[in-house]
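Two complexes, one shared chain (subunit A), two partners (subunit B, subunit C).
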Partner chain A sequence: MRLARRLSARLLTGLVMIWVVASGTFFLVRLMPGDPVATAYEADIVHGMTPDQARAATALMYGFVPHQPLPQQYLAYMWQLAHFNLGQSITYEGVPVAHVIAAAAPWTIILVLSGILVSFAIGASVGVLAAIRRSTKLGDLLSVSGSVMHGIPQFIIAILLAYVFTTLWAVLPPLGAPYDITLPPGWNLPFIGSLVTHAILPVAAYALASYGGWLLTMKSSVVSVLGDDFILAAELRGLRPLTVARYVARNAMLPLFTILALTIGFMFGGAIFIEDIFNYPGLGDVLFASMGKRDYPLMTGTFLIITTAVILANIAADLLYGVIDPRVRRS
Partner chain B sequence: MAATLPRPRARARWRTLVRTPGRAFGFAIIACFALMAIAGPYLYPANLPIDPDAIYAPPSLAHPLGTDFEGADVLALVVTGARYVLLSAVIAGALIVALGTATGVAAGYYRGPRDTALMRVTDFILTIPHFPLLIVLATVWNFGSPYAMGLVLGVFGWGAVARAVRAQTLSLRERGFLEAARGLGLPGRHVILRELLPNVAPFIAMSLLLSVTAAIYAQTGLFFLGVLPFNANNWGSCSTRRCSRRTR
Partner chain C sequence: MNLVRFRYLIVTVALLAAGSALAGCSSPGDAGGSTVLFTTVDVGTPITAGAPMNPFNLTNNTFNGYDVEELGWTTNNPADSNQTLPGLAASWSLSPDGRTLTVRLQPGARWSTGQPVTANDVMTSAAIWFTQGAVQLYNLGAVTVVDSKTVRFTQVLGAHNNQFESGILQAPDFVVPASVYGHLLPADIWSVIGASLRSGPAATAAGKRLTAVGKQVAAFAPKTDVSAGPFVIQRINAGEALLVKNKYFYAAGKVQPSEVLMLHYAGNEQIWNYMQAGRLDVTPYTAMPANVLSQVTAAGNTQVSAPSLVAASLAFNQATSPYGQLAVRQALAYVINRDAVQKVGEPISGVTSKTTTGVISSAIGDYLTPGQVAALNPYATDIAKAASLLTSAHFTKQGGQWHLPGGRPWTITINVPSGFSDWIAAANVLKSEFTAFGIPTQVSLASDYSTYLANIYKGDYPVAFWLTALGPGAYSTFNRIYGTYDGYVPVGTKLKWYPTGNPAADNFLNAPPTVHVPGFGTVNPGRLTYRLTSVNLNTQAGLRRQNTIMAKLIAATNYSVPVIQLWDYINVQFVNNKRFGHWPIGKNAQLNLSPGVWMTFGYVHPR
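The block that comes next holds the complex of A and B.
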């Protein structure tokens, strides 16, 4: 019951946030120098459309017509959004924005999700090692490696990896597409294999750039748990070291799960560099390309979807944390 | 006594800085970059000389870091590019710390409905994915001026600082000395500025540093993608052209 109330409260704030962002993008496009909507309308008339046709074509793209008063345009835009209509893309002629986004989203999700999971696995396990061996050379070395890799921008790591493994020592397929374009797409072994080999570098770049954060968080978390009384008690009872290590890991993991959930939320917008460098047709790539081509319906639509995904993931993370850690529920 | 206080303090600070090699080294690096940003653009002509005979030349005595796609000296590009990046990063960092601290302290100290309202705004700022937002904003705003860049990075970056400062304020305000200050009937302004802020200061200093770093990453990243005014010389555009992938 309390969970339901909390969920509805969070969903309401989420909706308000989405509304604010949608209004922001609406006014952003309207305030743009050169008024792209009116320009599109006039271009249609120049191309031989009647004013009625041009009005209908503009309405299809943006959700509103340029000659109406601003409040009316705003209401029309919101009405379309409430029906999950994001308008039509300009560059992909006649294709709804929602379809372009739906085609791009899986690339981003697969790429970033595997990147996050790999970096989390490496960071968390190396973090435990760094915490247990914290007073030795190995522990120092591990921590320093985390800080250093955390300090190098993602795109520098990605370029270096691409250069080393596709040019200098060409063991991995060249950049250009997320799979071997000579193979027919489908659920067959060679195609999936080429997907995997093409994904090695981007995932590695993502993981290398972000494992340091996990490592340092896990290390400090483990160190604080190691000093707890229940660990001492477990050791005094003569439990096997492996069992004790499991106790430590389970308790040290908790703060990491919140960060993990939040990171998964941000993944929808967080892979622009990797997508750009390795030519993945994901959401970041769509957003960036739409900006270059001045495809405003696609741009605002993608931005809105990315923001909505982040907001929803935050709500999910918040609720999930209450499920994982009973102490949160009680307080 | 009060008049002589600053002098030994400054000397002590200098001594703590120089005594550990790590700190002295870090200070030297920062000083070097600051010098580059302040003096760099005066060392070279406004339009860097281009040598069409030496395109993508390897490092040599004349060009210690080699040359780029049009034969301009890379070292000169790095030195003259420092000002934009560092100036906007410092502006962004200062804004982030000012807005974040003000919001965090106000929310944590006054609590109640003001806290709720301020934290809603903070959550909103934290939730919007920043990088996509920067890309969208770049369509209306030409980030040719470092002030505009710093302003945008600052206005959308203070969420995390506000959260952390609020948490610290909440725990500090229950401490004895703050309770005593309030009990004495001191005005809220005095309590916040004289009693509360000095205790949050170390954290604020650290977040200033982290914010400046984050601002540098954000803008070089943006420029790397090619979202940039082409006339500007800066670190990000250097790295884009170095890859010779894009000519916008």
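The block that comes next holds the complex of A and C.
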């Protein structure tokens, strides 16, 4: 009963937060200078269309640009949102925004979720080792590696990996597609293998860029727990090292758990640098393109998905925290 | 969890992943010995997640010339913008008054389902063109089926649009199957179209209904691709598209590749990566700096050039002082070393403009006599001449810096959009040249092209980069200087003028309505440009009239310098001879079209 009440309260708060963000982004994106039709027309010109062809090609697009007064547009938008309708894209001329997002989302989820899990697994494990061996050369080396990797921008790592493994030593597929299109999709080894090999570099780039943060946070958390009295007591009582390690892990994991939940929420924003460098067509790519083309519904829809994911992840983290940590449950 | 079992699990997963990875390390085209795979990118279709396989959607996943056919293909001839190569239309004839076009389809044209392409498909497609607003520009009024392979197009009563022929035959008038798209159109679509072409409340209501149908058509996402072109899409993901040969294509015997692999790109850098890896058999026009050119050339890509009907210019908002003064614009033209600007800005895909005329340099001779060409001012770099012009306009030079007639120091801000690397590089050269001359200059970047356009149309940029000479049509060429962007907009049969800030036009140039041009008298460039829309290009008299108007516009532009033409773009493509050969080199008409169309004409043979 208490859990249900807590859940309801969290969800209500979350809904209010989503409404605030949706309203804010609705007005903010429309403050951006630029006109989607003029932008599309000039873009067609730059791509080699004659002015007449470009004019004919963009003629209908004008009908997809809302021209009512802004308050009226806002109310229509809120009404659509209440019916889980994200609206129609301007530059995709009528294709539902949800459809565009749904087409790009799987590739972002695969890429970023894999990257998060790999970086978390490596970072947390190495962080524990760095904490346990913190006064040794190994511990120092691991800590420095974490700091260095954490400081290198994502796109630098991505460019280096791309250059080394697709140009210098071409052992991985060239950049561009999530899998080899010449292979028929399905539950077969060549297709799954193609999915895996095409994802290796983008996932590795994401993981390498992120693992340093997990390492340092985990090390700090483990060091803090190792200094607690109950650990000393457990060791003095003669508990097996594995049991002690379990005590340490469960307590050290708590701060990381919240960050992990939020990171998973943010994954819907895509990894724009990595997607751009690896030519990987995910949500970051869609969001970036929609901004350049002033596709307001697609921009607000994508921002809304990111916001909702983060808020829901936050709620989930909040609720699950009590499951993991009995102290929170009792309080 | 039992650690031993966990360890076995890890090993098992790792082995599976490794096995999958090895199995996945296959190159495209390894599948079968008889596959002839052609790989390229389509500059108009970068492949976008969620986009429909519908050529009428602005963001689509279809490939013009491969799985989408037009009735004809433009040759991009500046001397005759109606010149067209046969596509789905085997032949056509235009009535002497230029108002009726009769089109005969390829006798063997069939869809990838095996069904013949008929006049009914063209009728359905033409109705869709109306819903997209694509043919009203050319005054199309009626479409009638003559027989199963012949269709007649007629202009609305009283209209004499001289772009009618090209407007019907060329993009974006794609031919689609009635069996797939027909259900989107209401039964009374032609009544609605007819009503929309009249005037009054009924026409407005019909227009709204047409737009509503058009939106439904644009948003339509067919589940499978049905093509009358040389290829049909077999599979598409967010990053690649695989097209297989359409065995029912009317010229299938000429098409040598059996598959086409289209690759996704987000920008020029991705295309350069593909080229450096030797993946692309043909690369369409892609701007690149000289160091990238040497890398892609070393990877086996050969440059192939064709004329392009577009120039890069520095434009002036003449409503902003001091750019309304002729002496100022001419002086700046004399300051600029256009060779230096082109060498840095566009070393690969540009040639220095011979002078400022509003048309590309290679097309000047199509409109002017040799004597008229010789009379044009080349604006060769002449600092002394520039200084003399400014002095005569009461500018003064104090302490090495030029001052406006009122005494204020003169500074220039050149505006360019972010991402346009050639314009940015060129602007920095101009900055050096103007500053060395005595006008402190800076370069200002707009955050993106959309913001740049919004600001330029608001009149915020006194000096900015602008594309001009956009052919092949004569009207579209000078529309960039004396048309919409100078406030002149055709409304029905009249020409209206709008000031900067009026949304009916995008006036930012604010040129004076008339110019007194030595040797030509008083010229009204806006009205003259508009007159180009009604010249009958099907008669010798009409062509002579067009040339007379063009000569005046060229002379007026050369004299009054509303823009300073910096370089003419050239269409630089790359071919890779590793896997294919027999390219249409030297055939400028075909070179401007997609490689899919080249294959239709018998080019592109595997080695």
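Quick note on the criterion: the second predicted complex is superposed on the first by the 280 of 331 C-alpha atoms of A that agree within 3 Å, B and C clash if a C-alpha of one lies under 4 Å from a C-alpha of the other, contacts with A are read in each partner's own complex, and residues count from 1 in each chain.
Here is the rule we use: a contact is a pair of C-beta atoms (placed from the backbone, for glycine too) under 8 Å apart; a residue touches a chain by one contact, two chains touch by 3 or more.
Just so we're clear, the structure is a prediction, and the values are computed from it rather than from any experiment.
S.K.: After superposition on the shared chain, which partner residues are touched by A:Y211: those of subunit B (first), subunit C (second), both, or neither?
M.R.: After superposition on chain A, A:Y211 lies in contact with neither partner.
S.K.: Give one of first, second, both or neither to describe whether A:Y77 is in contact with subunit B, with subunit C, with both, or with none.
M.R.: In the superposition, A:Y77 touches no partner, neither subunit B nor subunit C.
S.K.: Check the residue A:F303 against both partner chains and state whether it touches subunit B (first), subunit C (second), both, or neither.
M.R.: first
S.K.: Would you check which partner chain A:T13 touches, where first means subunit B only, second means subunit C only, and both and neither mean what they say?
M.R.: first
S.K.: For A:F273, decide between first (touching subunit B), second (touching subunit C), both and neither.
M.R.: first
S.K.: First (subunit B), second (subunit C), both or neither: which does A:S194 touch?
M.R.: It touches subunit C, and subunit B stays clear.
S.K.: Would you sort A:L287 into first (subunit B), second (subunit C), both or neither based on which partner it touches?
M.R.: The first partner, subunit B, only.
S.K.: If you count the residues of subunit A that each partner touches, which comes out higher, subunit B or subunit C?
M.R.: Ranking subunit B and subunit C by residues of subunit A touched puts C first.
S.K.: Does the superposition put A:F120 against subunit B (first), subunit C (second), both, or neither?
M.R.: In the superposed model, A:F120 contacts neither subunit B nor subunit C.
S.K.: Let me test your reading of the model: by the given contact rule, A:F26 touches which partner, first (subunit B), second (subunit C), both or neither?
M.R.: The answer is neither, since A:F26 touches no partner chain.
S.K.: Residues on subunit A in contact with subunit B in one complex and with subunit C in the other?
M.R.: Overlap of subunit B and subunit C footprints on subunit A: residues 32-33, 276, 291-292, 294.
S.K.: In their complex, what parts of subunit C are in touch with subunit A?
M.R.: 17, 19-26, 28-31, 37, 43-44, 47-52, 56-59, 74, 76, 81, 131-137, 163, 166-167, 170-173, 211, 214-216, 218-219, 221, 235-242, 259, 261, 263-267, 270, 273-274, 276-277, 279, 285, 308-310, 448-451, 453-455, 457, 467, 470-473, 476, 479-480, 506, 571, 592
S.K.: Would you mind writing out the residues of subunit A in touch with subunit C in their complex?
M.R.: So the residues of subunit A touching subunit C come out as 32-36, 38-40, 42-43, 45-53, 55-61, 63-64, 88-89, 91-95, 99-104, 107, 162, 166-167, 170, 173-185, 189-198, 200, 276, 279-282, 285-286, 289, 291-294.
S.K.: Touching residues of subunit A toward subunit B in the complex: what are they?
M.R.: Residue positions touching the partner: 13, 17, 20-21, 25, 28, 31-33, 153-156, 159, 266, 268-270, 272-273, 276, 284, 287-288, 291-292, 294, 296, 299-300, 302-303, 306-307, 310-311, 314.
S.K.: Quick one: in the complex, what on subunit B touches subunit A?
M.R.: 120, 123-124, 127-129, 131-133, 135-140, 217, 220-221, 224-227, 239, 243, 248
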